[in-house]
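Each chain carries a letter (A, B, C, D and E) given by its place in the written order, and its residues are counted from 1.
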Amino acid sequence: MSETVLSVEDVRKDFPITRGVLERLRGRPQRAVHALNGVSLEVKRGETLGIVGESGCGKSTLARCLVRLLDLDGGRIVHEGTDVSGLTGPDRRAFNRRVQMIFQDPYSSLNPRMSVRQILTEAMRVHDMRPAAEIPARIEELLDLVRLPAGSADKRPHEFSGGQRQRIGIARALCVEPEVLVADELVSALDVSVQAQVVNLLLELQERLHLTVVFVAHDLRLVRHISHRVAVMYLGKVVEVAEAEELFERPRHPYTQALLHAAPSLDPAQRTRAVAARGELPSPIDLPSGCLFRTRCPHAFDRCVVEEPALTPRGTGHVAACHIDAPVFEAS
Amino acid sequence: MPEFIARRLVQLIPTLIFILVVVFVLVRLLPGDPASAVLGDRALDADVERINRELGLDRSIPVQFWVFVKSFLTGDLGNSISLRIPVTQLIADRLPITMLLTLMAAAIALIIAIPLAFVAALRRERLPDTLIRGGFQVGLSMPVFYIGLVLLTVFGANLRWFPVGGYGDTFPEHLYHLFLPAVTLALSLSAILMRNLRAAIIEVLDADYVTFARSKGLRTRLILFRHILRNALISTLALFGLSIGTLLGGAVITETVFAIPGAGRLMVDSIYGRDYPVVQGLTVTLAVVVSITFLLTDLLQAWLDPRVTK
Amino acid sequence: MSESAQPEAADAARRSVRLPRPGHLPLPFIGGALILGLSVFVAAFPGLFAPYDPLAFDYNAVLQGPSAAHPFGTDNFGRDVLSRVIHAYTIDMQIAIFATIFPFVFGTAVGALVGYAGGIAETIFGRVVDAVITFPFLVLVIAIVSVLGPGLGNMYIAVGLVGWVFYARITAAEVRVQKRLDYADAGRAMGYTHARIIFRHLLPNAITPAIVYWMTDMALAILLGSSLGYLGLGAQPPAAEWGVQIAEAKNFMSTAWWMGVFPGLAIVVTGLGFSLLGDGLAELLRTRR
Amino acid sequence: MSLLRVRDLTATFGAGASRLTAVNRVSFDVAQGEVLGLVGESGSGKSVTLRALLRLLPVGGAVSGRVEWEGRDLVTAGDRELRAVRGRQISMIFQEPMTSLNPVLPVRVQIEENLRAHTGLRGRARTARAKELLDLVGIPDAGRRLDEFPHQFSGGMRQRVMIAIALASEPRLLLADEPTTALDVTIQDQILKLILDLKDQLGMSVVLVTHDLGVVAETCDRMAVMYAGRIVETGSVTDVFARPAHAYTAGLMASVPRASAARSVLHSIEGTPPQLDRVPPGCAFHPRCRFATDICRRDVPALEPRVGERLSACHHADAVAAEGSPV
Amino acid sequence: QERGGTLTYGRYADSLFLDPVLNDANVDIWILSNMYDTLLLPSEDGSGVEPGLATGYEVSEDGMTVTLTMREDIMFSDGSPITTDDVIWSLDRARNPDNGIWNFLLASVSEVTSPEDGMIRISLSQPDPAIIPALTVFNSAIMPQAAFEAADGETDAEKAEAFAQNPVGSGAFVLESWDRGSEMHLVRNEYYWADGEDGEKLPYLDAITFEVIPDDATRILRLQSGELDGAEMIPFARVQELQNDPNITMELFPSTYVHYITMNVRDEIGGEDNPLSDPLVREAMNYATNKEAIIQTVTFGVGTPMESYMSMATPLASGDGPLYPYDLERAQELMAQSGYPDGFSTSILALAGNQDDIGISTALQQMWGQIGIDLEIQQVDNATRTEEYRNGTFDMRVAGWTNDIADPGQITSYFAYSPTIDALHSGWMNEEVDSLFEASQSEIDVATRTEQYARIQEIFNTTGPIVPLYETPYPVALQNDVHGFVQIPLGNNIFRGAWIEQE
């Protein structure tokens, strides 16, 4: 298979909860939201890696760690052979030029007081992408690339629709000519019809610019549509990774199965009244012992309580973290 | 909740130390010394020196600071230089008056601000709103002493509804005497609160939970008070707490105009009289009182808004 | 850092105020701007408007009521009240601006830094703010003015020493909100420096409440000036200043109402101007999303 | 026999030059026991329609038209009459469980005030009923949780609380405005099924607003598609999914990624939905429509039976229907 | 005269410390005589002496001893007798150089004894023409030794503090309660010795309530609304208005109150040349000052021009017409002849917030501008002003003075005699004045002393470091039904003869 661009090795991230005075006096230990609990992943050059999971499972945290918006509390991230976990200053800037991020919220991810031109110019200036004289031409080029109408450059974000704003976000990321794009819920806030436009653009750009894309989303249909490989996260861990087709057709982890089952199908004839998964995500502050999914898992047994399952191979390029290695479970 | 209080109390310590130092330094920086301030123009140099020596002002600054800090730790704030009675007694006499005045002003401000804010918010951009806001604008633009004198002239001297200044002897008398000054003091606060509350109500008016409450078919009154007012008050309350501090310290002019023997006037008299022990003792006591007010409003806010304390 | 950072902040602030076409300006803004524009003009050229020398005594025309010759009457020295009210614009506009400009600039800069940095900086800042706001404001100003000596210059210093915390508080709170928005992260993901993110990106978006408060504060500064004038700590005679004029008029309230009412009206109108401008600016600067 | 008849419902905001029509002459019926899905893109007027039914528009909104409920017209009903319908016969739940519960009141108050307004229950009985309701929507340990505040519940729990409140007086019609959009798929699944179960138990009707076609396919009996403030197509879910009769409906369905053809170009409707103060003349969809002709640019198509029973507001309904289902 | 009633009197500031010896401010001095009697009392016109606790006095031929006869059967307010021991103790305390700032008034006393019961002998170290008036001054008031010494505290000062909280006095009234900063309540001393003109026992009033109302306008409003029976320190701007008020009697009690500008006449101030040291400049400034105009604008015609540096109510004051009548031309000529023909800049200290000070300064600024003097007005608070004054770092200040004793010695000592306080801290010195003053202090021949003072006044009035402005009376407004109240020229408020018409 192709070469690894980014590799995530046992990454951990905690968000400490501030302790009060009395708690400190009483010697209450420091507690934390355990957002990432040892995530390991590889991103291959040129692929689209989809990351799915329920709200709060750590998708955004992982995405932010990937572009070094957050400092790691454990593990490391290796970019083309160099450990980038501790980069600062100019090194970090150089890394960021090559690994860029696009954000979820089309409304808050653009500075409302800067025109598109200012936004793009600033990024290019800071990274010394082009001599000043060439910047205006490059901006036209970029806008054309993301299919924004000519004359958009001097408008400010509020003059655009949500879909157009996401394109500006993409243009901003692309203007520094990165190799890897980390897209956190790129289209979740958009209407279906507009969603399709942006997804199409992303697919097209990826082909043309040979981009590597990490696509974080919770819309399973969408992830399936655009990803080469998909990783499923649950409570700060990756529980299953496989080629997209393989994962959706033959999910091996009970959580993945529940997730797929819960997604409404587009066929009115295929209705069921059975609930896919009972209960809710446990608190990321007090994690369950053993397998993190056991509290909601219909198949949990004693071992799940005491032992945390590791990611183990289930066929080519397919790994899952479950003690039971049955091919497919009966849906409950 | 105890956690919350504990945190606030711990936070109070650096604040008080800071204030202690600032007050001490500020007081020493004031030109002129207590003796000549008290003795006036006619005193002979020898007398001035003698009295400053008696007050311990010839000692080095660090020693004076230590004496000052020690006085706080022991709770004995010394004697007033000009009035020659214990500062603690002075504070005990004067501070409650100012606190009562402030409290009344705060209550009046709320009583004025809340209904008017409702009217203004519900009739937004229409005549009642414009009138209310315009009226408050005028109130907000008038110097306190002028408002005070106008109120005194109209309601005191002309209509004779209220006594012209003074403080009275019994508690009901205090309330009666303090009414006009409290109104004077309350006017600008109520303008500020009204503005803030109006904005908050407008914001809350379209909140989802208000629509949801309306969809339940509840009475309008219930929606106004239970759902809208309470939420709108939360943000206003923080402002209210802060303003009480400002009021407490800002009562100087009102107290002068209305001849109320409060802490504000004492403070200014003491600054002018270079009455170091009083200035120091009173400032720090005021700071403590203000901090307690903040704490109380915070608690009130926590009670109104369960999200604050976890 | 603040020295180098300030011009950038000011630059950012200027850029953020991009005025839309006049037809689309909010009404309060137009009203406020008109009042204040006129006020500034009067303040700059009081001589054009004042019929008399504001300092000229006329012992033959003491305490005269409003008349054709003296539309606002005369004071106890026979000075023309109208001319004094007009000349007072110069000082009062100065008070409004000078007493607040330092708190505004310094306070917003500190607030932005602290709000962005968070952590221990924020804790220390919180204590400083607490200490300053638990101090009775007026008393502190009186004490500082007593130390420095009365006069407008020292009043500015005293107000500045205290006033910046309010701006800092407001701005810090707003920056705290803004820094959680994705565009701040986008800046960081671009590898921008903290200074750039704070002053170029966050501050322009966070400064609106401070600007709106500034407008109120300018009106309050005029009032504070008048309170200090009452205590003799503000503008120095014989200069005409509304607060001082009202203080001077106190003994003539029943015999010569015009001495106090007209300066009072001037304060009300100017305060109204600031308040309208504040409302208008709030509407104008509201970030459209 | 329909429970609710809506005719020419129109909702406007503002006045003069800034006036906009958010909902434009919308008509539909809801039958006893049926689930009607209202779909459309963001800003198409779904929420406003729903709120207009109970005259719950935000400040500045005005309603006209007819909303016939049990022989009364809610649009002209008096306040008192309306209060008796709201919450008692017709209940509403909202999209954002975070903001739809009053953050400063314990859940108990928010449930009991509903019971107090609409039932004769007092004291113990009322508390017992509140607890029962929380049980009903599947909140464990209901007795204790009654005294908690909304922020102490998770998103899914809050949505359940909201449903419990809405169902307190056993309404005959539930208006649900995107009740699951803010939730995860597994939770969405739980909530939708809860609503369906309760609907069956209580025999009520539901109007379900959503922009997720999957949700419609999964839960609704009939559906209405909105575009730019108008209903452009209504019909039974099976029919519409099988053969959309409006170009917009067809486009919408085509935009959804399908299992086949991974990483292929998705069908998309070019352009963006119009802003309501600048709705194009004629058929509002024509600038984005493949089928558009001159008539579309000129005449507003009426919502009328065009393909069999189905109501469609498309001049080219037949052509669209002929293409069959894109799903 | 009718007995009874409570008189409520509005004061502009509260008293600070009610000890006759250790106090230091007018707010104390001016009411102390109601609580503590002296051996002799000042007459109502302020220039003479009347019997007090002593029925009479005799000065020895050589002026070296004073013998006083004590009144019989007199008592303190607690009913204990006033003994000669109390008198000796009180006077000894008053003249102790470590006590307070007033002991100089009794500096000539070498010993106080009681040669026989009911007699007091005061022996002097030198003849003292002011010793008799000095015995009318508050600090020589008679206090009960036993009660004082029984008070808490170690030192005299501590005892005084404790005693003053709950004093036992010899005056017409006795302190009953004191709400500091707000209200002081005095009740009649049942044991008071004096009878009124109608033969009834004094005081007539049952009680006096002093209310503290710092704001002038409020004080007047309160009087007008009937809540006060009297109010002091009426601003001159309001005098005419109150005179026209039918319910109110506007009293203008003659006083020793003079208003003037003190000039610092040192050669240099802060290392810089001081134009004010040039006598021609000072003369020019004096002529350039339009006192009539100031009297009109600041005192609204209530004041009168000064004829000497001391008020005309002071014994031995000499004067023949207003000093330096306004003469701008003369002033300009004088300036031209002076060392500063082109004028100069200088400054004046005014008390912050004091409208009179500001009015005077503003007027002077304008008037002196006409002779090329650029005057900067510096508003300062009292302590700052006192410091600059004491340090001699000021240029000029607005000032006022009232005598505490019916004798020209006190004012002259401060104004003209340089060893005391450098002639108002101005640095002015005139050897002839100094020696004349020293001589006059032990001169008991009235004619000679009058001559000495005539000369002193002549020198000071023509070359002294002040710009004399005007004299003012004490403006007190009373309800029409209040009678018998006086404020004597020395400032003392005398309530013992006051009464309110009873309905």
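Going forward, contacts are C-beta pairs under 8 Å (C-beta built on N, C-alpha and C of every residue); 3 or more make two chains touch, one makes a residue touch a chain.
What you see is a predicted model, and the numbers here were worked out from it, not measured in a lab.
J.: Go through the assembly and pull out the chains touching subunit C as well as subunit E.
T.: Common contact partners of subunit C and subunit E, which must touch each of the two, are B.
J.: Can you tell me which chain lies farthest from subunit D, using the average of the Cα atoms as each chain's centre?
T.: E
J.: If you tally the C-beta contacts, which comes out ahead, A-D or B-D?
T.: The comparison resolves to A-D.
J.: Using mean Cα positions as chain centres, tell me which chain lies farthest from subunit A.
T.: Result for max centroid distance from subunit A is chain E.
J.: With centres defined as the mean C-alpha position, give me the subunit B-subunit D separation in Å.
T.: Chain centroid spacing, subunit B to subunit D, equals 52 Å.
J.: When the C-alpha atoms of subunit A and subunit E are each averaged to a single point, how far apart are the two points in Å?
T.: That pair's centroid distance is 88 Å.
J.: With centres defined as the mean C-alpha position, give me the subunit A-subunit C separation in Å.
T.: For subunit A versus subunit C, the centre distance works out to 48 Å.
J.: In whole angstrom, how far does the Cα centroid of subunit B sit from the Cα centroid of subunit C?
T.: The mean C-alpha positions of subunit B and subunit C differ by 22 Å.
J.: Do you know which subunit C residues sit against two or more other chains?
T.: 146, 149, 230-231, 247, 250, 253-254
J.: Would you give the residues of subunit A that are in contact with at least 2 other chains, written as numbers and ranges?
T.: none
J.: Going by the contact rule already set, what residues in subunit B reach two or more other chains?
T.: Residue numbers touching two or more other chains: 30-31, 145, 149, 153, 271-272.
J.: If we use the touch criterion from the header, which chain pairs count as touching?
T.: Pairs satisfying the touch definition: A-B, A-C, A-D, B-C, B-D, B-E, C-E.
J.: What residues on subunit C touch subunit E, complex-wise?
T.: Interface residues on subunit C, with respect to subunit E: 55, 57, 59, 62, 76-78, 146, 149-151, 230-233, 236-238, 247-248, 250-255.
J.: Within the complex, which stretch of subunit D touches subunit A?
T.: Residues in contact with subunit A: 41-42, 154-157, 184-190, 192-193, 196-197, 211-215, 217-219, 237-238, 241, 251-253, 255-259, 262-263, 265-270, 272-273, 327.
J.: Subunit D touches which residues of subunit A in the complex?
T.: The touching residues are 48, 54-55, 161-164, 191-197, 199-200, 203-204, 218, 220-222, 224-226, 228, 244-245, 248, 258-259, 261-269, 271, 273-278, 280-281.
J.: Can you list the residues on subunit B that touch subunit A in the complex?
T.: Counting only subunit B, the residues touching subunit A are 2-4, 6-7, 10.
J.: Would you mind writing out the residues of subunit B in touch with subunit D in their complex?
T.: Touching subunit D from subunit B are residues 124, 202, 205-209, 211-220, 222, 226-227, 230-231, 234, 304-307.
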